[in-house]
Every structure is written in C-alpha cells, then in structure tokens.
C-alpha cells in the first residue's frame, strides 16, 4: 500500500460506507458498519504517518500541517462513532428517532466525515471550500434530526448563518484566485495550495487583505468566533450528542484549519496586513464573551458549546501571537480541546440519557449516583478548564507565559477570560457532580469507554508527550511561523 | 567562687522581691486609706492575709478541673521568674540573660493566659466576664508595652535588661522626648496590667465592671494566696522595671562590693516607697472608667509607644 | 538523596492510584494512611539528613512535562527544610488519620486523593523548572480541592470548594504570569536559566508583586485569604491540618524560592509592600479568629495571621538584603522559616484536637461545646500545649520565632532608608498586637471548648479519642516543647537554607550554655527557653510543695460561688460570642461588626434577641462588588443569546464592515 | 475590441449595483421579486458577456442557470409562497428606506475605495472594476438581509448577495469551478426556499418571538 492509496482510502471509505448505509435498513448493523468504517478510515489516516507521502496533486495533498488534523479527525470520528453505536439505539427506544431517521443519520455521518476529510486533504482552495460546505450542510441536517421545534430552529439558524458564511468565504476564495491569477496564470494551478504558498510574495497585497477579511469572517463563522458564533450553541445543544461531539471536536477544527492555511498565505506576503492582530482580537473577544455567557447557561450541552467558543478563542489567539512556543501551544491546545470536548460530550450524552433532561438544575450528585461517569465528567471538565495533568494545562502554560513576556496587556485579558471561564465551568460542575443526587435515574446505555480512552490520552500527552508527536508539532509550529 | 556569689546574689534577689511584694501592696492600700481619711489596715496586713489564706481549706467549684488547681502555681512561678529577672538593686544577675525584655513581657503574658483560662474553668458567668475583659485589656496593653520595649531597646541597643540599665545609667542618654513618652506609656500599661483604678478596681466585688477580681472569684484558700502573691509580685515588678529603666541610678554593678549593694538596696527600697505613694495618689485622684473607655486609655499608651519609637528616628536623623 | 525524595513523591502519587483501586476494602484506610505515614517519615529523614550532612545540591531530570525540557528536580537546603516540614506534618497527619479515618463515612472520597496530595506537595518542593513547579502546584490544589469536597452534600462545603478552586486557579494564573516574566518570550523555564538572567528593577518588582499575589493567595495573604477560612475547615480534620500546617508553607516556599533564589537582587522599596501586607494580614487574620465561633474556622483564620507574621519576616529579610546586610537578613529569614516550622507543628496539633472534638461530639460550633477537659483529658492536655505554643508564650516554640522576629525588627535602625526605619517598628507594633490578640483568641478557643461546663448533650457525652490520634497529637506536642526549649538545634538545622539564599547564617547555637539563643550578640539579646522552663518548673513545683507541705492541703468540693448567683444552666457561661464582645466592640471598625438587640416591650413574654454580624471587609468591599459586576455583565451579555437571526446577521455584517473599513483606513 | 468589451462588462456590472439599489428602494414584495428577477437576468447577461469575451464556454452554463433558475423559477416560487401563505404584501423595514439607501451608498463607496487600492495592472483592470461592483452587490445584499424583516425579502437579499458572488467569479478570468459553484448555490437557495415553505416561516426568518425562544431553549434570561 502506498501513501496515495491510503489517501484515497481516507476519502473513499466514507463515501462507500455512506452509500451502503443509505441502503441498509437495520440500525444495529448500520451502527457497527459505521464504527468499522470509521476505524478503517482511522487506520488509513494513521498509515499516512508512516507511508511515503503522495506527491501533491492539483486537488489533494498530505503535508505536515494537515496530517495532524486528519489523524485527529479520523480518531475522534471513530470514537464518536463508537459512542454513537452504543448510544443512539436508546433514542429509538424512547421514540425520539425513527429507524428511517437512523438510516439517514448513519449515512449522513459518513458524508460528514467525508466532507471534513476532503477539506483537510484538499490542495485546492476551491475544493476546500466545496468540502467545508458539504460538511456544513450535512451537519445542518443532523442538527435538525430530532424534528423538534428547538432542533429545527437550531438547524435553521445554523443553515442561514452558515450560508452567509459560506458565501463570504467564497468571495474571499475568488479574491485569492484573482490575486494568484496574474502570477500563476489562469485556471486550476492558481488555486492550488502548494503553488499559492510559493508564489504568495508576488501577490497583490491589497487584494490579499480584502480576501483575508472575507475568509476570516466566512470560515470564522464556522470556527464559531464571536460575533459570528450565534449558530454554534444551539446547534450543539439540539442535535444528537455524538454529533455535538463531532461538531465541537472536529468541524470547528476543519474551519480553523482553513483559517490557518490562509494565515500562512498572508504571512508569506510581506506587504499584506499581518493576520496576527486580527486573530488575536477575535480570539480574545471570543474567549471573554463566551466566558461571560457560560454563567447564564441552564442547558448542559449549551454550556459546553460556549466553552468550545471560548477554546477556539484561545487557539486563535495563540496562532495570532505566533512564534514557535505559541504555535506549538495552539496546536496542542487544539488537539487537546478536540479530545477533551468530545469526551465531555460523550459523558454529557450519558448524563442526559440518565436524567432525561439537559437542564443543569435537574442534574445533581453524579459522582454519588454514577461514580465512573461522574468522576469521568469531573476529570474531563477540569481538564478542559486547564487543570493538570491534562495537556490543556501545558498549552495554557505555554500560551500565557510566552504571551505575557511579549504582549503583557493581551496576556492579562487572556488570563481574565480564562479565569472567568474557569469560574463558570467549575460552578456548574460543582452543582452537577456533587451534592445529593436528585432527579430521574434511567439506565445508561452509552459506553464509557471512549470517555476514559480520551481521558487517558489527554493525561498521557499532558505528562509525557511522545517524542514523535513533539517533533511533528515543532515542525508544524515552525511552518506556521 | 564568682559563680557562687552570683548565684547567691540571684537568690537574694528572688527572695527579696518575694518578701517585699506584699508589703508594697499593703503600703499602697495604707496610703490610699489615709488619703481618704480612713485609718486603713496596717501595711503588713497583706502578709497576714496570705498566711491566713494559706492555712485555710480550699473550696473548689464542682466543675473545676486540674487546670484550675495548677494554674495558681504556674501563674505564681511565671510572675516570680519574671520579677527575679528585673534588676532591682544590682545588675549582672547570674541568669539575667535567660530572658530579655521581650521574654519578660511574654512571661507575664503566660501568667495572664493561664489566669484567664482558670477564670473560665469553673463555668460561671463572672469568670468569663473577667477573662474576656482581661484578654481585651491585655490585647492593647501588651503591644503598648512592647513598643515601650522597642523604644528602650533602640535607645540602649539591647533588649537585655542588665545592659539596658548599664546604658541608661551611663549618662549617654540625656533627656529624650521618646523616653518621656515611653515612660508615660509604661505607667499607663502598668496601671492597666495591675488592675488599678481607673482600669479596674482592686478593692471591689459584686460589681459588673470588675476584671481581675471576677476572674479569681472562685479561688479560695492557698490557691487564692498564690494568686494574690503573684499579683503583688507583678506590681513590684512593674515598679522595679520603671525604676531600673528610667531611674537607673545607684543600682550596683555586678562586681560591686557589699557597700554598693547595700546602697543599691536602699535606693531600691526608696524607689518602691515613692512609687507606691505616687500610685496611691494617682488612684485616689481618678475615677474608675467604664470598661469600654479602657481601650481609649490604653490607646493613648499605644500611640505614645509608637510615637516614641518613631521620634527616635527623627531625633537621630537630625 | 534527590532520587530518594523523588521516588518518595512518586510512591505517594502511586499510592493514590492504588487507593483508588482498593478503596472498597475495609483495611484500605489503615493501609493507605499507614503507608503515607511511613513515606512521609522517610521524607522527613531525607530532609534532615540533607541538612545535617550539608550534602551538596543534587539535580535530576525525568522525562515528564514539557517535552523539550523534561521535569527538572533539585534538592537543596531550602527544599530540604521544607521537605522536613512536609515530612513531619504529613507523617503526623497520616498517623492521626489511621484513627480518625475509621470514623469516615465515605473513605473512598478521601483515600484516593490523600497520598497524592502529599506527593504533589513534595514535587512542588523538588521542582526545578517552572512547568514542573506549576504542574505539581496545580495538582496539589486539585487534590486538596477534592479532599475539601469530601463532605460534598453540605451546601457550604460545595461553595467552599468552589471558592477554593477558583482562587487557586487565580493564583496559578498569576504565578504563570510571574514565571512568564522570568522565563522571557523564549521560554527559559529552567530555574537554572532564570537565575542567570539580569532583570531591571521594574521587572523584578513586577515579579515580586505577582509572586505576592500568586503564592500569597495560596498562603492566605490579605485580601486573597477569603477562601481559606471556608475551605480549610470543610475538609476532614487531618486534611485541614495538612492544608493549614503544610500547604500554606509550600506556598511560602514558592515565594521564597522565587524571590530569594531566582529573582536576583531587589530594591529596598520592594520590601515595603511585603511588610505592610504581612502586618495587615496578621492583625486582620487574628481579629477574625477572635470573633468567629466555628472551632476549625478560628484555626483557619489564625493560620492567616501566622502567614502574615512570616511575610513580615520575609519582607524584613528583603529589606536587609537590599541594604547589603546579609547577616541580619539571615536573622529575619530564619525567624520566618522557624515560624513556618513552628506553625506547622502547633496548627496541625490544634486542627487534630479540633478534629478529635468534632469526632467525639459531632460539633464544630464553639457554643455547642464546653467542659471537655473532663471527658477528653488527654486531648485537653495536648491541646493546651498547642494553644500555649500558638499564643506565642514562653517557653514554647511559638514564642521563639516571634522573639527572633522582634530581634530582627529591633535591628531596623541599621537600615539606611527612613521609610523603612519608620515602617519596621510600626509593623513590629502590629505584630505585637497580633500576638496579644492571638493569646486572647486562644484563651477563648480553649476556654470555650475544654473548660467550663458542657453546653450540649453531645459535649456532655463525649469520649476520649483513639490512640492513633493521641499518638500523633502527642508527637506534635512533644516537638512543640522541644522546639521551644531547645530552639538552637532547629536553628542550626535550618541555617544551611539561609546560607544558601543569603550567603550568611546565624552563629551556630548548639554549643551555647544552657541552650541559650543568641542571634546577634549576647550584649544585645539572648533567651533560653530551657532555663525559663526550668525556673518555672522549679519555682512552681517548689512553691506547690512548700504550700502543701507546710500550709494546708485540705480541699472541699462545693457548687461554684459565682458571687452568690450560681445558675444551673450552662448557657449562662461565657460563650464564644460573649467572650469576643469586648474585642469586637473595640475593633468594631475593622470588623464591620454590627449588633442588634430586639427587646420585647414590658409584659411581652417573647425572648429578647441579640444578634451579631461581623463581615470580612475584604469580602464585602472587594469580592462582592466583583461578583456583582461579573453577574451584571453576564446578564447583560446574555441578551445576545436571544437575538433573532436577523440581528445575528447584523452582527456578522457589522463586524465585516468594521474590518473592511479598518482595512480601507489602514491602507 | 478590448475597450469595447470592458465598457460593456462595466456597464452590466454597474447596472447590477443599480438594480440592487432599486431592490432596497422597493416596498412591495411582488415588486421586489420582479426587481430581483431583473437583477438575475442582468447577471445572466453579464456572465454571458464574460463567457463571450473570455472565450470560456462553460460560463454560458452559469448564465443559463442564472437566467432560468434565478430569474424565473425562484421568483415564481416565491410569488407562490407569498400568495399561498398569505404573507403581508409590504416590505417591513427596520429603518426607513432613505437611511438604508444612504448606508448602501456608504457601502458602495467602501467597496470602491478598497478595490482602488489594488495595484494597477492592465490585465487586471477588468477584474478590478468588476470586483468593486461585485463587492457592492454583495454588501448591498447583506444590507438588505439585515434591514428587512420578511423572510422572503431576506431570501431575496441572500440571492442578491450570491449574484454578486457569481459576478465576481465570472469576472475572474479562467477561474475553475464557477459552474459547480453556481450549481451549489442554486441548491442552497432551493433549500432555503423549501425551508421557508416547509417550516412555515411566515413573516421572518425568526418567526418565533422571544418568549417562545425561551421556552424552546429551556433557558431563561
């Protein structure tokens, strides 16, 4: 097997599975096919790490930057599929979903995975745009899966805001093409990343500037940056929980990846406006705003959705600051956030199932009534809040220390936001995990395995990062400049 | 040889303070009575009282614990040790380096601490009143006292009493505003610490304003005797402290001969008598304060102590 | 040595994991606590060995933490001093817990966190790079938070835990900033690298300020102390002992390590805030202890006081050092270190005593106790030693450190800055006030709990605590006496640390006659706890013997006299509130105290009501407005959750136009 | 030939902006739909002209889609929606027409200002002028979305925005995937129209009022 085979597999497996799943009626088989496909995709993606990389073509490529994202994407895709397989049957029993819904769900899951994988491996700004749109539209449909007024409302909001975002990103893409076209000539080559990056210094900086604004707003909507975030909390809260995990853990990363790619382009052109300050501003705004919003949340999934906004803010801030340490920290934080937030959603799914509600006020004393789940949730939330030994602590350590030495005022705002968010998360956690257990007590079907697997990984990375991963992150951090 | 003589000197000092203390209390009472145109008990009455109390049986409150019974001895011992360390008629006592001025204050603090605990032991309301007020007074008197100690120590460059006395007597000091303030502060503290008017009235019972007497209300017999003796010792201690710091003359150096010693002794005696009379006059001419006026009174001492310390720097830098 | 110490820390952490596995077994508690005690004892021995042999500093590196740096661990004299402190405190708490733990309702909420807490503290002391330091620091916070939440069903425990962890998070963030400043943008996180950097005075001042906030919030410095009186009492008593006795010292260690070791020279004026804050903390802490009526909270507030005292000592040391007077700086630092050691001893002892009382009666409110000296005689004796020590009375150990500190204060004329010359004696006066207030506080504490008559049935039926607890308390009490009577040994033990930090030390004390303490010169000052004890024992014993031998020894029991108004109801005794009344009135301004009396009209049979309210000014003036501001902001911003889609689009549109306009202008 | 081509492209793009203004000016829904149909037709013309000048036959497909789908089917469908659902016939505005027009002027000025900053390159002139107009159309479409309350007018605003995108894409010489993008957008618009219809979003995108939102989200203010 060669690298290009693996690359093709990463894309072909989900498409094939989607077709198969759309045809199969039984949800049990489907759910395990879903898991198996996701696992195979993960294997294919992981094999990219060791195999020779395929030569970048006009449409696809694998490089140091996107391989991080691909492996992470397929990994969380697999664990979420596993969680979903143990979890989603219950929704059928409670009558929230019909078998037809589930068939649609599984097919869409793979299409969504395909869209995200494609966006990550694409070597073409047009193709990337198409792929991100595909992933967005498929998640819109997933969010509205329950057909409740709330879910439809959330899906609709997501759809409208997402569409506008897509349109703006497209305009940005067109502008980049226009900037590249005089240098690289007409046609497809002027949309290929590998060409763009090389030729970027000769691009018209003014055009690049306008393009970046549109791309930042457009893809930033997907990342969930404030003030483009409005779709995110509702979409997370109203969709099926495995999808919330995928949304928070993966889709945001894919959009972030797009932003990073264009940031590279901007930095390559010396005369263009520096993307850092813009990203720093939006990052801090997202962080502080989301931190305040955490205090008034009553729905557990919406709470963690806002926490995703907050963390996206931190990551964008880190990349905005730049430099080897901050970039390293940003990458690490992104990986950790994906793993931790999806772990949290795995736990939250079970909690919502047990208690029959997502209302924070009706969930109490989980460590008492369900120790493994409760303590798992406690550890995951503490991890996301930056408590050691999770990797989030390491990334926040690096971000805060390095940014304080370079931009003290910004670091102070950062610290303020972090603390604010910490206070809010902990307040809710204390209520949910401790105290006298109250409320209903339905049986729990969802597996705790993915939750604890993620936790183990988070702690492993926090304490002893594998050498290969370090080297790889350092390379990428250097690329990001 | 020198060691033995020093030991003897130390022993004499210890016996001396013990012997003189009740007399001083008697003297103050006598003078007060005379000033009030009363006959008054003889000066030696306190000795008789002590002897009588010693012989009497102890009536112990049902609830009293071992702490109540041992406290009088501890209080007495702490006060006695403290009093023995203050130079009275001679400096350079054998064990004067055992504790300095700060430790002296703290030793008295220990005595107060155990007395207050004992006050609470019987489980009565009066004991509690006494203890809580005593601790409040101590809370303000102790820092004032330490500030005085600071002033003195900063002037003399030592907290070691013997060295302080030597320095003070040497005439290098001159007259300083700081020292005057320290003196007034020390007198206020002494009045408060010894439960004298206007802070407390040593002669009353059955009065809600009493402090010291309320604490020792449950004591009787030999226990009461020890406490009374300790109180007298404390009065003497403060007198000799004021004497040796502010009137350091004619205190015999350690190596002095018997005649100097005798002279020192005589002057010490004179200082005590003068102090006792002055105290009585002061007590007669003031009225007892409400308890919650006491902090203001002690606050004056605190301020003076602090001012004294700070002025020291001003005068030095001038 | 370092290998052993690091191994012990890891063993303790591993023990936590093991405890999580075996938590169900009936013997788990004894096993975990026993093992912790053993490991802590070895730790103490390692520390002492290091100090006694004056072994060379040792470093090691384990591949954990920041990948390109690894975890640097280092054992030097300063670490060894605090390791000793931790080892002794940890061992005592663990031995105590063997007995105390039998009464725990939910051991599985304590056991998995307890050894790890000790291990994390050990790692903090050993850490030699910023990441390892903060990692262990935060794990220490986290595990102690879990321990605080043991009794999670009580609302106040949960809010205490919440407040604690938020403040801990705040402290860590501030420390992050401090280390960020010291490491620089390139990330020189290794302590060795930090030592090399030359810093401008402004930068050094900033780091110092950040350290005061960061380490101070953990130690309980005003006004960052608010979590401490809530969190320390909420934990099980052996954990309270550890938190108050040891964890606050670990915070101090952090401060000393950075300010004295890593930061390099500081200007004299930087010592001013340290001294002022320390003195204020001391006075305010003990004032609150004087008016609080919860036994463990009183102790927690008193911890704040002691931390203030230590900070004054550290500030003095800084002042002397900036004036080039290393020997005097060593005296002040020594006072601080010795006081830290002493405070660990007596505060642990007192928390254990409070825990024993809590176990025996189920009560922490002072007004529900009383007369326990009869029911728990051994605990009462040990607690008496504890309160005497903490009230800084000779001849016990609390006085020794206080005395050393006053000696340092009295050296202030040697300082060349008039500002400091004024400030230091004033701070000394405040310290004296704090010491006197401490005496008042602990008369009340001991008197209301152990003396008098029992106020409730629970107190009436209390039974003496178990042997393990008594052993632990006895050991600590013994050490309190030892440290008070033979302070020279302790000073000589700690001296290598001051030598390492300041290149100066106190003269060796071990060979002085009669175990006398002579910090500077005999002409200046000296104190011998041993002789004081000896004299008191001899004179007290002799007088008692004489009186009993020659006067009377008759004794009769009778109802209390009480001025002729004996009242059978124990409620008429002075309680916690009434005892505090004089001080509360005198200091009403600082306590924001408020008394209301509701007196029914004549003829009305309803009881009169007297209510007292005291407020922590820091809480009501700083935290309440802050919380209110955050709440207001959160409520205002929350409106943004409920906008229509059109409005959200307007936001996007507005931001886009803003960015484009900015771009147009920028060009 | 070059100047001639430029002038015509310029005129067509400019008229698109003009029509955008006309749309903002409309206060009747039917009139608005008709105006939009006009804009779509103009777009088709502009794209076709680009196809002709650039010699890029695939752009004719885009032009055809614009003409058939956007100028005919969608307006027709929206007419039906309005009629079937009994939607109010007037356009509800947030602010008056005049302020909106003024804001629109500002947006056009901003677009031109931004695009004039591009370096003057002869071969780029066409794209540059076109871009300024396209950006204007996009921003005016967005402006329409945020200042109009009816769902239908918002859909129209979005489509107008998308017209600007297609204009830009077609104006970019040799840009691949333009057809695909226009198809993708058509699908998107179709979904929106269907959504409006299916979800009975009568008056606004956010038909549900705020009190209902509270109940929906289980969140209280």
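Quick notes on this one:
Every chain is named by a letter (A, B, C and D) in the order it is written, and numbering of its residues begins at 1.
Just so it is clear, a residue touches a chain if its C-beta (ideal position, glycine included) is under 8 Å from a C-beta of that chain, and two chains touch if they have at least 3 such contacts.
In this text, all values refer to a predicted model and were calculated from it rather than measured experimentally.
Listing every chain that touches subunit B and subunit C alike gives an empty result. Upon removal of subunit D from consideration, the remaining chains are still joined by touching into a single piece. The largest tally of C-beta contacts between two chains is found for B-C. Taking the mean of each chain's C-alpha atoms, the chain whose centre lies closest to the overall C-alpha mean is C.
Taking each chain's centre as the mean of its CA atoms, D is the chain most distant from subunit C.
With each centre defined as the average position of its C-alpha atoms, the distance from subunit B to subunit D rounds to 98 Å.
Subunit A and subunit D, compared by their mean Cα positions, are separated by 31 Å. Spacing of subunit A relative to subunit C, judged by their CA centroids, is 44 angstrom.
The distance from the centre of subunit C to the centre of subunit D, each centre being the mean of the chain's C-alpha atoms, comes to 68 Å.
Counting partner chains per residue, subunit A has residues 156, 160, 164, 168, 206, 210, 296 touching two or more of them.
Multi-chain contact residues of subunit C (touching two or more other chains): 635, 638, 641, 645, 649, 656, 660, 663, 667.
Looking at subunit B, no residue sits in touch with two or more other chains. Applying the touch definition to every pair of chains gives A-C, A-D, B-C, C-D. Every residue of subunit C that touches subunit A in the complex is listed here, in rising order: 63-68, 130-131, 134-135, 138-139, 142, 149, 152-153, 155, 158-159, 161-162, 165-166, 169-170, 173-174, 176-177, 179-181, 183-187, 189, 630-631, 633-635, 637-638, 640-641, 643, 645, 648-649, 651-652, 654-656, 659-660, 663, 666-667.
Within the complex, the subunit B residues that touch subunit C are 54-67, 73-74, 76-78, 80-81, 84, 95, 97-100, 102-103, 106-107, 109-110, 112-113, 116-117, 119-129, 131-133, 135-136, 138-143, 146-147, 150, 153-154, 157-160, 163, 205-206, 217-218, 221-222, 225-226, 291-292, 295, 302, 305-306, 309-310, 312-313, 316-317. Subunit D meets subunit A in the complex at residues 114-115, 117-119, 121, 123-124, 127, 131, 134-135, 138, 142, 145, 158, 161-162, 164-165, 168-169, 172-177, 180-181, 184-185, 188, 191-192, 195, 199, 201, 205, 208, 213, 216-221.
By the touch criterion given at the top, residues 94, 107, 110, 113-114, 117, 139, 142-143, 145-146, 149, 154, 204-206, 210, 213-214, 217, 219, 221 of subunit D touch subunit C in their complex.
Per the touch definition, subunit A reaches subunit D in the complex via residues 126-127, 130, 133, 137, 149-150, 152-153, 156, 159-160, 163-164, 166-168, 170-171, 174-175, 177-178, 181-182, 185-188, 190-191, 204, 206-207, 210, 234, 237, 296-299, 302, 358-359.
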